[in-house]
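What follows are several structures.
In the two complexes below, subunit A is the common chain; its partner is subunit B in one and subunit C in the other.
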Partner chain A sequence: MATTNKKIRLVARLDVKDDHLVKGIQLEGLRKLGDPNGFAKEYYEQGIDELLYVDIVASLYNRNNLSGIVRKTVEDVYIPVCVGGGLRSTEDVRHILSMGADKVAVNTAAIKRPALITEIANAFGSQCMVLSIQAKKSRTQPGKWEAYYDNGRAHSGYDVVEWAKRGVALGAGEILLMSVDCEGLQRGMDLDLIRAVTGAVNVPVICGGGVGCAEDIVDAANAGADAVATAAVLHYKKAAVPELKAAIRSGGVEVR
Partner chain B sequence: MPGSGGKDSFYAAHLLKYKYGMHPLTVTWAPHIYTQWGWENMQAWIHAGFDNYLCTPNGQTHRLLTRLATENLFHPFQPFILGQKQLAPKMAAKFGIPLVFYGENEAEFGNPIADNNSALRDEHFFAVNDYDHIYLGGVSLRQLEEDYKVDKADLAIYLPGDTSNLEKNHVQVRYLGYYEKWHPQGAYYYSVEHGGFRPAPERTQGTYSKYNSIDDKIDDFFYYTTYIKYGIGRTSYDAAQEIRNEEITLAEGKALCKKFDGEYPDRFEKEIMEYLSIDKLHFPHAYQCFEQPKMDREYFIHLADRFRSPHLWKFENGQWKLRYTPYEGDSEVLWGSPDGTHHEE
Partner chain C sequence: MTNVQQPEITMVDYGLSNIFSVRHAFEHFGASVVVTDDPAQVLAARALVLPGVGAFRDGMAGLTRLGLVEPLCRKAAEGTPLLGICLGMQMLFDASEEFGSYRGLGLIPGRVVKIPGVDADGNPQRVPHIRWDPLYPAGGHPDFSGTALRGVTPGQECYFIHSYEAKPQNPADCLAETVYGGRRICAVARRGSVLGTQFHPEKSGPVGLSIIQNYLALCGQ
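What follows is the complex of A and B.
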């Protein structure tokens, strides 16, 4: 069994729309699952390492309104909270940080204006600027992935690996890499994608999309993931955080 | 059981077979031009455990009829719909199968709501005895034969089954949506879980979704024509349905309509314009019946202008605008102007 000497982080991803926790498959058919704060608190109490809040349709609707949910969450959750969705300026970022977020994830606005990455990194530090990438296998170029935006609906034309490298050069301190192909299916992650991106950049990469069991997380860690984001498995109560972490450890991977 | 292999027909066929223990024979009326993902979903459907007959109409006749329907009715889908509606009852009569199940009633998609009162399909939809009064694409069968020189045999596939033939076989046509709650999002999850259904890899132009009617490249233009004729585009249809199912809010639906409804579809435009063009080589007679046999964007927009109702549209500052919209202010896709299509930066 392959082992790594790093400790991975386990991240709970909470996609939010209005006041609802939602979940889709390949970012389509979003189901409402309940009050996001309740889920967040439960995962925190179970020992999750980090929370990731994404207003998943913010860019589609040209809005961002997670501040209320974030403020409420940080009242009783004391782990890093990353927030994304519809952030378009350093002002938007300043506001969400003042609500209690520790870092921000930016996708659509960075694709439309890459200089925003540098602006955010200069204003708040690289550790705060997470470049979020929705990666989908290219149908025209085998072995390549294209970055998408607007909730996995619109093509950017950007090659994912090149975009990740450029994002880091522009100041991103972390990459949030999500496979649109695997998202929500709970049938394993896109390991080639994880290898390609983690091999190309020297910042931590949070990998998401496709976790169905602890073995999938072990595979992702062995492929190079520094952190793994999971959603459906937790939301649908197929597994809880302690048993996931125990299974990850017995798979030979250290986790916080 | 007629179906395309989309999420709804996947769900319906699977329920009939595995919940109700029936033995559905699936029949598919082919799209004009399959999208890659549409074809993959259709294959995934069959491989999930069904026998299937795929009926693909004569490509030349289908092109001509689709062009005529666009020209005369601004309804590029009319010949497709006729073939689709008639295929299953005809196949049932041919094989002596007494029961045909469609999925959801068309009332769910905008037809008169009174249709929902019966599980039985009105047989006027699919059985007519009088062949002399049948029009395809706005042209009578006689004219199609005499002026356009379409062989009678090539039209048979569009014509309804004989009433007597259907009666003799006691064919009944029903809607599954009358017996089972119909929830498109639920059908999506079901079809992903029980088969290999996958949404399209991109947003369908004219709307925000990527899992509704995604298998035919002409679909984008069909919904564009409804926007021109009724002021209701694909976003309106999708959003209204999702608002009813409480998946999105009214405010979200309005925002989506403002952002996408009526968007001019240019992703498959070149292919569709070629498909709708009547060339001299393949259509020596029909070619002469058109003022402009070649279809291009300019001519298509010229046709669109002929089908705008004045009670729905007004011409203001050099631009056509809808008089009534569910949202405030201007359309972000410029009311269907080709200049308003969303493109990557």
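What follows is the complex of A and C.
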């Protein structure tokens, strides 16, 4: 049996602030777009492969506020749901899983206390523990990226590639890699970043930040992405899921 | 929804499962679902579901600690429908090589092994296998008619998330397979009234829901 073409998952990213779906540019200048559940259901019915909910102000308030939204979403959405933002302990994870989430994306708390990655993986399995990395190009070292947290506000000093490798060694079953530099601009993804991280780890990598059209997703897949997270293109209805997927396929990349 | 009385589903909770989604998917079709870790309730079940995510060792440790191994085996021997999902499917087999070697329920002959880190061409591949991948008839079955997959068109995709895979000893026990990295992976195992899906039907959209509906129909017979 010959190895098939590259196949990716298409993930809809839903950033939430105070019960509203929001979208910004480079994580700033947020616009309110409406009820997240409505968007989630529409994307599910259109055939999206996975949903990613992020409470973007949670780590500032030290709590994830998405329980109610997730609980409502899974009433009629039967695909994987990943939830991120402000999850700090296995108890926080247990709670959001009990609301219907399938996996959690952890950034800030993992940077502050990397052992949390192992604790979550041991308690719920590696497949549940997604290490979320917000990458910004290093100002001092060309060709390197630094991991940010608190929704892109604070820098950790961690090199992104090294942090990804360490996260996998600690038990992360998947990486969520977002380019802060490209986020919201819809002008293409940071392909060097995608190549660097997907080449360094052996777990699937969901890549996000910068998708403006299907071609950007094809480029990301060819650079090594296993899944691509997109927000603006869908939220602003530049393309619906079926046409996006058709265009991805014509670009030579498989998708459900 | 018909007016026929829907069967009662007994869902086994051994502390390692994300019960919520599985339960909700069954209730979507009007099934009354009882979630339990009580051996007596398992023995009284008309139809069983064994969900599960995480490690084989921890799953079997949970079943053993709660005294559920023997009741599950007895029910399977009596012909009570039993559906294992993901880790629940893997535990139906004899043993797993995860963290050394651990015994499973032994309801389907075969072993659970790690998905190789290289594909059929020798190139590195991602583990866990996290993808929507197609179901194809296997084990000499020409199609899915007359099985829990009836109505599924070969090639339709379901959501897989796993690092280990089951290898049925008897090829006929593999009802459906998928392909990852150029290698076949058993996607659905079946032996008598025991059924296991490696993918998550409750997370596989309309195709997955149709499999849950089929299982409910089988349980009602």
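Here is the rule we use: the second predicted complex is superposed on the first by the 251 of 256 C-alpha atoms of A that agree within 3 Å, B and C clash if a C-alpha of one lies under 4 Å from a C-alpha of the other, contacts with A are read in each partner's own complex, and residues count from 1 in each chain.
Here is the rule we use: a contact is a pair of C-beta atoms (placed from the backbone, for glycine too) under 8 Å apart; a residue touches a chain by one contact, two chains touch by 3 or more.
Please read these numbers as outputs of a predicted model, since none were measured by experiment.
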| item | value |
| --- | --- |
| Touched partner set for A:78, first subunit B, second subunit C, both or neither | second |
| Which superposed partner A:157 touches (first subunit B, second subunit C, both, neither) | first |
| Which partner, subunit B or subunit C, touches more subunit A residues | C |
| Touched partner set for A:200, first subunit B, second subunit C, both or neither | neither |
| Partner chain(s) touched by A:247 [first = subunit B, second = subunit C, both, neither] | neither |
| Touching both subunit B and subunit C, residues of subunit A | none |
| In the complex with subunit A, residue positions of subunit B that touch it | 36, 185, 188-189, 192, 198-199, 201-203, 208-211, 246-247, 249, 252, 255-256, 259, 342, 344-345 |
| Residues of subunit A touching subunit B in the complex | 18, 25-26, 28-32, 57, 60-62, 111-112, 136, 139, 150, 152-157, 180, 185 |
| Of subunit C, residues touching subunit A in the complex | 18, 20-21, 24-25, 53-55, 117, 119-121, 123-124, 126-128, 130-133, 157, 159, 161-163, 179, 181-184, 200, 202-206, 208-209 |
| Subunit C-facing residues of subunit A, complex | 1-4, 7, 9, 44, 47, 49, 74-75, 78-80, 97-100, 102, 124-128, 173-174, 202-204, 226-227, 256 |
